[in-house]
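Naming follows writing order (A, B, C and D), and every chain is counted from residue 1.
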């Protein structure tokens, strides 16, 4: 590569746990800093730049002002990567959208002050509900290895393509005991792999924090639910945690 | 070849010795002898509620009385991920093969898994020989046993014959504190050099009895010789839509199958982009993108078609190619399928009951 | 009809997957997405037969099967045409003359050119299908006296996607070739020839003797069904139809499973098939 | 232009978590406006969790903050357990404390090494230190990596722990893992020493600024409090139980911030490492006491910049305590506990000391175990007001140095609090 690509990191409404995963690369982040030119990363450095080859966007959008900031970043970026489930689907922040309305939401948190203008908010949106996204790195939080892999693919000029198979693949390779054997309903058969099946490996059902595969077999899931006396609504509610709608093909890869 | 016996204590201390040996080994075959490596020793151990093949830290961890392991031993010969080549990115002159497995011993391989290894051996040696697989096989000793614990999905007695003896180097039968040791190959004999083997006082009938101690609940519902033709005639059977509709395309059935060996090959690079490797990883014909071409055609886009392909591979394609049923009846696919549909017995039964 | 195979790559003790080095000695753009590549091996000729393919790779990016489009030759050079669709093909397009790539092969079954001696040849190629077909066409033209009539039909989506335009023009002119061409649509480009899918060219051939003629058909998956119907209408029997199929492929040597259709491995048993040998396979066409 | 006309506008302070702005206006040497603003987008967690099952609350509220996700998880679990009347085993408690120490170490070392040291050396980022201070960076990354791995081994993941569940852990570490962890913890003590010495050598670069305030933290008999205890401040004689936290935090909304402010006996209070240290320093372990002495922290300190130093001290404490907990766990029979919880209606409060200070979660459940009301009070919330009041004292004192220096020190002050701004707005 002739000159190092200019890379920037931005965060919107989120817990910043995904950029922490980047920081958690430890020594590798120092290598990364040599491979690319990190021109903006507010949480770890002071500095700004006019244009970027790759902009990594974390978090979701909940206000008009942030929407404008995002559009401005998009205009100045060659490639835009949404990383973390907040950016990819709206993530946990979309739980807010399940409530009756924004006024109630504001009142719940700010009580009598809810009407103050600086507390304004609208229903949470994913990044691609506002600007075009070139690549997605799903997960809550993102998997460090996958983040690095995407960076490497982009540096090589390749097209990073996420796994399009269910979490069960990751589970089997680790020889985990399947949670269904213990009558625990796991979203793994519909969820997109790539996390290493961390949740089932730690004894907890997958809650599809990386969204679903491109073409989840929801009919098969319905049959299983019946067998375990669950309703479709109950499962959909589980998918709500990370704003995943198994009925709607997200097309996000 | 030879039938001897060894006490369980002697056997355990022998494999522990092998495991920790540091002196040059007289190994099986030419490829190992002269290596100053220790024997990596793999055995069946407990993992939570299940059994798995894992490297032994001590012979005491061995659990030879087990129903089935989650993954079959193929993971040692065709690892879930292995490096085929190393290179410097974008420098084609730099390609170099990576292939120097050390000696391993696998202890406690059930006879159906041995039959499956025999099938894999054929697949990787015939036609273009795959050195990565074959070197690992050559540098391994397989110590087999007959199942001693019931597994509700197993149906191996209806599909395997004696072919497992073509893969095993040694077969063990546990009897009254002893192992009856049946040495089948020169490799096996070399491996056992120095073990406290004693004259055998068991009869072949005893071994036969032990080998057939566990009865399967399930069996293939028609003579296996008839399966290929039966499948040939039923390409458009309603079973494929029926099972396809229930299948998650999760590939559990393939990953756990001892006779599935499809793989993917891809390149990985260091973050510095200064070094890279071409790796081979397990893949599966049950996954949606398996047959997707670069220009976007998917030749097996339907779940039913993928489900059918897997069953045909076992019951017809491999059978016709190698003369042995392509499924060894371990029952792992049936046991690991979340949808509860993957087992060949279930599929064939459904097909027979629902004549289209 | 027996399979014809070239001398496959020398047996390698270390790894079946270890490529040799080939140097790019010539490259030119044919369409915005397709480029012509000429490679040279270090110290051997590729030794392929028409219709075979090789696995070509860029270290760090990956490997892809690509047909060899030049006819068999004793020289160390061979030609390919590569369409940019993804990572590997993209990286190959980025190569400059003098750069090197990895090569494994040749692989697969070839067009049975020897067995076809003394017959009429009907080449039907759609789009990038002309690339593998070209090696057979050039071979037949080099051995013109061995064959009777040579008919070439070529079709592609639009004029901008025509490959080997110089060769097409020559074939058009040659007296000893029957040549017809069509585009699915003109898409606004100046075009005076036929417009319509490739099967619309078949009626232009008039009477073809189906017993003495072999059809060699290569094109995108959707093309086969209609071309075969057309050939049946012309009384071609299935064993006189020869196809080259494309599938996803990783190893090229019949192990990885990706190209399998029913019990056939397209990489080893094909990519060239006699239609009568695969017509019963539900996953073939 | 008059010499003492100053206009400072820092739109998003860098090297802090979340979005905060600084505004200063001065005319003729008189400060007219100095403000710490928090424009962070609120996410409305208290509204999000309403309608969700008790088992999901920790999973959801963990996402309030990536850096202290373990703290949120634990406060949430404690609140749920208080509401449902669930007790936990010794093993679970020890594992939780271990997790919390891992997070404290991880968060503190990240803050000191990556965010504060660049200030002390006056560079823009840790990246510029890769060549000049390689040894220091390697020590920092080594400690940080181990802290993360601890969280990984105990919690199943470095961020947003998986195994910590209501009433239990869903998977337990292997003894082998614990033993190895302990020996590696011992191993990093010299690295921590090196980091402490570097900070000591640079400590003169922290300004000598003081403002006495009310220091709020947990406290308990016998042990420097992190996981358990009641509330204490330097202004009260008797501790206050955590379920009466509302009497202390007194949250209110101001126009300059989307995060709520709070106060108790004075106009503001401070929480975090320095508050904990000021209230509980007598309970530090031996090595951490030594570290405090070495770093010149003796008794109560009113200099907010000393929060950084108190963090270094707590790093040592966290390592020592972690080793103790590992010993305790190694002596126990580790057995997975069953997941059997009976839901009932009820409400409860959970509090823990997280890296940035005292954290409260409060939930109310209906009889199906579905959340009907929630409140989370985040430590940075509680500090915003104190930052504002520090600003008001500091700006006139530092104005002499000129606008660039003033700006530098105000930013440095913000960083000293290690604020977690998105968390405070949640």
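Keep this in mind: contacts are C-beta pairs under 8 Å (C-beta built on N, C-alpha and C of every residue); 3 or more make two chains touch, one makes a residue touch a chain.
It should be emphasised that the depicted structure is a prediction, and the values quoted were computed from it without experimental measurement.
K.L.:
By the contact definition above, name the pair with the higher C-beta contact count: A-D or A-C.
P.N.:
A-D
K.L.:
Report the most central chain, judged by the distance from each chain's C-alpha mean to the global C-alpha mean.
P.N.:
Central chain: A.
K.L.:
Go ahead and note the Å separation of the Cα centroids belonging to chain A and chain D.
P.N.:
The mean C-alpha positions of chain A and chain D differ by 25 Å.
K.L.:
Would you kindly tell me how far, in whole Å, the mean C-alpha position of chain D lies from that of chain C?
P.N.:
Once rounded, the distance between the two centres reads 66 Å.
K.L.:
Distance between chain A and chain C based on Cα centroids, please, to the nearest Å.
P.N.:
Whole-Å distance between the two chain centres: 43.
K.L.:
In whole angstrom, how far does the Cα centroid of chain A sit from the Cα centroid of chain B?
P.N.:
37
K.L.:
Specify, in ascending order, the residues of chain C that touch 2 or more different other chains.
P.N.:
60-61, 86
K.L.:
Quick check: what residues of chain A touch more than one other chain, meaning two or more?
P.N.:
34, 156
K.L.:
Using the touch rule from the top of the page, what residues of chain D touch 2 or more other chains?
P.N.:
Residue numbers touching two or more other chains: none in chain D.
K.L.:
According to the definition already given, which pairs of chains are in contact?
P.N.:
Result of the pairwise touch check is A-B, A-C, A-D, B-C.
K.L.:
In their complex, what parts of chain C are in touch with chain B?
P.N.:
Per the touch definition, chain C meets chain B at residues 8, 12-19, 21-22, 57-64, 83, 85-86, 89, 100-102, 220-221, 246-248, 250-251, 253-258, 260-263, 268, 282-283.
K.L.:
Where on chain A does chain D make contact in their complex?
P.N.:
11-21, 23-24, 26-27, 30, 33-34, 38, 41-47, 62-63, 66, 91-93, 95-96, 98-99, 104-106, 108-111, 113, 116, 118-119, 121, 140-141, 198-199, 201-204, 207, 241
K.L.:
Where on chain B does chain A make contact in their complex?
P.N.:
Residue positions touching the partner: 47-50, 52, 69-71, 80, 89, 245-252, 255-256, 269, 271-273, 282, 284, 287-289, 303, 336, 338-339.
K.L.:
Can you check the complex and tell me which residues of chain D touch chain A?
P.N.:
Interface residues on the chain D side: 12, 14-18, 39, 41-52, 56, 59-60, 63-67, 69, 110, 114-115, 118, 124-127, 130, 137-138, 141, 144-145, 148, 156-160, 162-163, 165, 170-171, 252-253, 255, 257-258, 260, 336, 422-423.
K.L.:
Given the complex with chain C, which residues does chain B contribute to the contact?
P.N.:
Touching chain C from chain B are residues 84-85, 87-99, 123-124, 127-132, 235, 261-267, 269, 273, 276, 278, 280, 283, 285, 290-295, 297, 299-300, 305, 309, 312-313, 316-317, 320-321.
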